[in-house]
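Next come the structures, one after another.
Shared between the two complexes below is chain A, which has chain B as its partner in the first and chain C in the second.
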Partner chain A sequence: MSATEIASAGKKSSHKAKTPDTQKRRKAKGVGERRGQYYFYLIPGLVAFITVIGGSFFYNVYISFTKWNGLGHPRWVGMQNYTKLMHDHTFWQSFVHAFYFIAAMSIIPTFLGVFLAALLFDYVAPRFGNKSAAFMRAGMYMPQIVPLTITGILWAWLLAPTTGVINNFLIKVGLDQFALNWLGEEKTAIFSLSIIMVWVQIGYTIVIFMSGMSRLDPSLQEAAQIDGASWFQRFRVITWAQLGPEIGVVLLTTTVAALKVFAPVYVMTGGGPGTATQVPAFFSYFHFFTTTKVGYGAAVATVLSVLLTILAVIILNIQNRQEQGANKR
Partner chain B sequence: MRNESTKTSKKSSKAVKVAALAAAAALALAGCSKSGGDAAATTAAAEPTTFKVWWYEKDTAMASTWADALEELKAAHPNVTVTFELKTWDQIQKAGNAILDSDQAPDLAEWNKGNATAGSASQAGLLTDLTPYAAKYGWDTRLPESALLYGRYTDGLMGKGNLYGLSTYGEYVSWFYNKDYFTKNNLTVPTTPEELDALLATLKSQGQTMALGGAGYQIVHLAYALALTNASQQWVSDFQFFQNPVDFAPTSKEWGYAAAKIADWKKKGYFDSKVSGISPDDAVAAFEAGKNPLILGGTWLDDGIQKATVGFDWGKFQNPGALSVGSAGNLLVIPSRSKAPDLAAEFIDLVLSTKYQNELGNSGGLPLLADAAALTNPVTVKSYSVFDSIVKNNQLGMYPDWPVPGYYETQLAAGTKLLSDGDAAAYLKTIGDFYEQNKP
Partner chain C sequence: MSALTETPTKTKKNKLELKRRTAASWFIFGALLLVVIIWLFPFWMAIANALKTKEEFVASGPLSFPKHPYLGHISKFWGDVNFSRKLLNSIIVSTLAPLISIFLSFFSAYAIGIGKVRGKTAILGLFMIAFTIPQEAMVYPLYIAAKKLGLYDNLLSIVIIFGVLQSAFGTYLLSSVLSEFPEEILEAAKIDGASSFKIMRSIVFPLLMPTLLVLATFLFIWDWNEFLIPLVLLPSNDHQTVALSMAYTTGQWTSDPTARAAAALLGATPSIIFFFVFQRTLMRGVTMGSVK
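Our next item is the complex of A and B:
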């Protein structure tokens, strides 16, 4: 889902940008007459899209209108699954939890990421050398390399209430009251998962923002510095403002990732205790594969896809408008 | 044994499922490739020349015992060519019934108990009704009804009706206790629910609690063990086979009692204060390290606890109450297309003989009909005496997640929450609603 949106977004913007250019080239080289030939090259991508994304998506939509246990023939039930979904308390609760994950996987890592990236780029690199900055960046990127399921198992060990390193450390230093039952209580479970996801996501945002910063014109920074601007003023006015496109991309991809978060919930809490960490993707999975109410699971997946698409379009529009605004200036 | 797929972590089961799908497809293809030789089936007469056997036990007590029994069968019938093929549980689960409908069907097989497998096979007429053999060999009198019912199906539903398969081993959930701790503190094994409460209170006064993995399967089993405290076999049939409505009200003496008891124990501090976050593995490790003197666990923990427990002696006692969590194992069946049904029945009887039941016990399995005096394996000796009493008294109460798909996950999430907030009413509503909404 996210990949297609980004791809189509990329196509859209590059198409707009290059239209006059390509037309000129086409006329000059007389490619227009032979344009049909190029459709041939679209076939592999088209086949992949239809089989992997398009076909599956429409089949999923079809299944969502049926009652099916995965064996035999699906039975058409119309809107029944959707009607039921509208009244399913757990489903709506899972969407509320999705917003916790948007905060933990998108908003906090984006802001923290810009800040840390600027710190590494403007402060650590000049003072301690590029090598130390690169080392720190790599260190912070590590959680992205480790598969999420392994991350989940490791954190479950760290957070184990009686045997975990974190609680044992807290008790050793006398902070017994902070040695909580991290994943075992309704109040703390989603909070614990959120912190882990910030830790996971921060590396991704830092790497993107640092590469974005290397694209910025250093003379802007230098001029501001000569004029006596403080680091924070430069960060706010120059770095933050100039990183607009990167921030847009990061917000989009991480929000989409947050809405379909699955692995950490699957590995660490199974949606519990009770329904405290239930999220839409896990809820869909549960009905697809565990209760084998495949039609119902498909309905959840369809609603989730529609919401994700709407969200992606909104963010892309905002981003396009920002870019246009920036170009006009 | 096979319920482990629900008890142990769900993580591995997904990978297994993928592998199993591939394996099942291969099995199905193998079934198709040789079809068309139906003539062979009709020429089979009273004198079978071949005997094809399938089972999926591998590196278990059942595997070695059955292999020995098969050798004895071979020796007794030198003119019969015996062929054995090792299958997997998933192959039978996914593609087994389709093979039963082909001329590739074995003459004797281990089959998965349950409505989806043995149930639907019996409904489709793919399994031989063993009732005449049961009468001939006396299986129906030697084995208690609580062990026979896993092979009984009516319209594809387990529990009663004709006998289509036989369980020859079992498993159950009970308390493991630290014998040294009990002796040192003059504690006795409880025999009534009141005595169990008193024991937990004493432990609490000594700064001790039971070990419990509240974040995993152990809370699911504890809740059902408590629900079975006041349950009858009729209630189990109602709950498992939908014979009559099941009451999930707080006043009900099965689930209502269980929920209230757990909430009460939590309030009184009979669990670790962070029990809802503790994994079953950590709880077992705590018992093995001597940190907690008591834990509720299944027979699948027997070997591990025997090997890991150092420095103290351990014992087992049945959860005081009417019934216990547990069941007989998977079935030996004779497919309808079997060309040697008499020989197959002879083999089943051999497996159920005292000789091979004793061997099963001494290899670490749980026999249904062993001679307790002949068991020498120290783990089996501890485990079998409890099991023997459960089986003889018709106390097997099955597992709580069998009735409807997804029930294990629902009971786990609700149980963990119950341990965390002590809200018995919310627990009963969650598991009751899920049951009502998903039952057939």
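Our next item is the complex of A and C:
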């Protein structure tokens, strides 16, 4: 589960009432002076935030310019860690793997999620009742609620080469040649992890998109139906287009989550076999605590932070644009 | 099809059609149900094998369901990892950290959403960065700081870190909810001479309570599931959380498949129970905006 869930909900609610709100405030006199006292309320949150989060982040940036094994004093080396990174094959490889996770955690769950959410919301629910749609949604949401470490234990066990459920099943139905060492082979490890992440993420996108659909005006759907459009045509033309804002935000925020992926890799493959499932977050952790090249690990984390911050700015801009669009409507 | 459902007006016909269960709709229903079953299959397998004796596993493999449910693996795992302790640690972290988060974010959101302080977009932007930068970019300095402050291997460090970290999201959410707080109520209170603190405590806080509870539910789960920072800061067995203890079991339990199933099942159970209890709250969290 991630931040967008309530974020999108909270955002949605702020669409309304903005225009009358601002007009009213403009009329009130002396607002500027009265506003001053509210700065006081920012103190606890900002102080805590700047000390704990800001402090660690900037100290990490400092470490990234040093050579340090965690003991004694860090030695300033300038850009050395960064120039080394640029020539580190594993570093680039970890970003290539991150694209698998973007596909598995963002792109595939978004597209499947819109489709499944539409099926549940305006196909299953009207015909078989809201209860059955809610039950199916809950069933697919289940993997979201469980800690990723436990998901990892569960799947590593399901995929175990000889004793695992998956291979036993494959042998039972006569597909012996597909009974592979899923997480232990270089060729299959990243695909196995990707499929597991699709399993994890799909419930999240379904829930977001179903809630998005409940805000849509049903009259458009009805009109199209009267004109004889099939369910699939309506899905393709109306639902897809109207869910644009949700789709955009979900795609970007799940991409952020995919770039941060750590726990499943840690638990299931440890980045291996070899470097077959190495991802940026794990690569950074690996240098902090395994090779104890702390400066190098900090540089990886800093690069990742910059990348994610750029993505965050894009998200904010898109949301602002949407909000403006909603106000104009 | 239209011959069967011929009704006076076209809309009525379509309304009927929308609710009709045809062979095709049963097929789609069945297909979706199959997807749900596949989605739940891993959990089902964990249950089936956690309750199986080793002998039965060897004899009939992982796919069958045990004839006589056997609780030995679960109780052994519970004892071996001191699961009661892990549960307690997780509960401590996931209740105290959200309290800190809500306290901090409520104050900030009051300034931003109600006070509409200047520069609020910049402040929100700053908070937003907190939940996009990866924890890897904070964990080493936090590790050093915890050691220096004597908070290493201490649950308190986790409570403080996640209390502050998640307050960023709380601020973001609460600011957005409070920015549409009914202006009339605030004006009326101001005319009556209420101070901003009084307004916050006796008007805004009680009215925001439902939102705060939804936020607390989400934060509880997030804090429960946190992994990297607890992994680094809580090395000793007695201080680990549920999510964390599982990571350590991989090595020592690999040889015994039924025991691993028991570990996965036991680790997942508190979250699943929580999900069933708070399902409505959780789903409301998602639709919070549209409900209003």
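What we mean here is this: the second predicted complex is superposed on the first by the 283 of 329 C-alpha atoms of A that agree within 3 Å, B and C clash if a C-alpha of one lies under 4 Å from a C-alpha of the other, contacts with A are read in each partner's own complex, and residues count from 1 in each chain.
Throughout what follows, a contact is a pair of C-beta atoms (placed from the backbone, for glycine too) under 8 Å apart; a residue touches a chain by one contact, two chains touch by 3 or more.
Source: prediction; values computed, not measured.
Of the two partner chains placed by superposition, only chain C is touched by A:N60; chain B is not.
Taking chain A as the reference, the larger set of touched residues comes from C, when chain B and chain C are compared.
By the document's definition of touching, both partners, chain B and chain C, reach A:T163. In the superposed model, A:A118 lies in contact with neither chain B nor chain C. Once the two complexes are laid over each other on the shared chain, residue contacts for A:T291 go to chain B alone; chain C is not touched. Of the two partner chains placed by superposition, A:L251 touches none, neither chain B nor chain C.
Look at A:V267: by the touch rule set out above, it reaches both chain B and chain C. In the superposition on chain A, no contact is made by A:M105 with either chain B or chain C. Applying the stated contact rule after C-alpha superposition, one finds that A:L193 touches neither chain B nor chain C. Where the contact sets of chain A with chain B and with chain C meet, they give residues 149, 156, 160, 163, 267. For chain A in complex with chain B, the residues that touch the partner chain are 149, 156, 159-163, 181-186, 267, 270-276, 286-287, 290-292. The touching residues of chain A, when paired with chain C in their complex, are 1, 3, 5-18, 21, 24-25, 35, 37-46, 48-49, 51-53, 55-57, 59-60, 63, 70, 116, 119-120, 123-124, 126-128, 132, 135-136, 138-143, 145-150, 152-158, 160, 163-165, 168-169, 172, 199, 202-203, 207-208, 211, 214-215, 222, 225-226, 256, 259-260, 262-263, 266-267, 280-281, 284-285, 288-289, 294, 297-298, 300-302, 304-305, 308-309, 311-312, 316. In the complex of the two chains, the chain C residues touching chain A come out as 10-11, 14, 17-21, 25, 28-29, 32-33, 35-36, 39-40, 42-43, 45-46, 49, 57, 61-63, 103-105, 107-108, 110-112, 114-118, 123, 125-142, 144-145, 160-161, 163-165, 167-169, 171-173, 176-177, 179-180, 183, 196, 200, 214-215, 218, 221-222, 224-225, 227-228, 231-232, 242-244, 246-247, 249-250, 257, 260-261, 263-264, 267-268, 271-272, 274-275, 279, 283, 285-290, 292.
Within the complex formed with chain A, the chain B residues making contact are 10-11, 214-215, 272-279, 282, 285-286, 404-406, 409, 412-414, 416-417, 419-421, 426, 430, 438.
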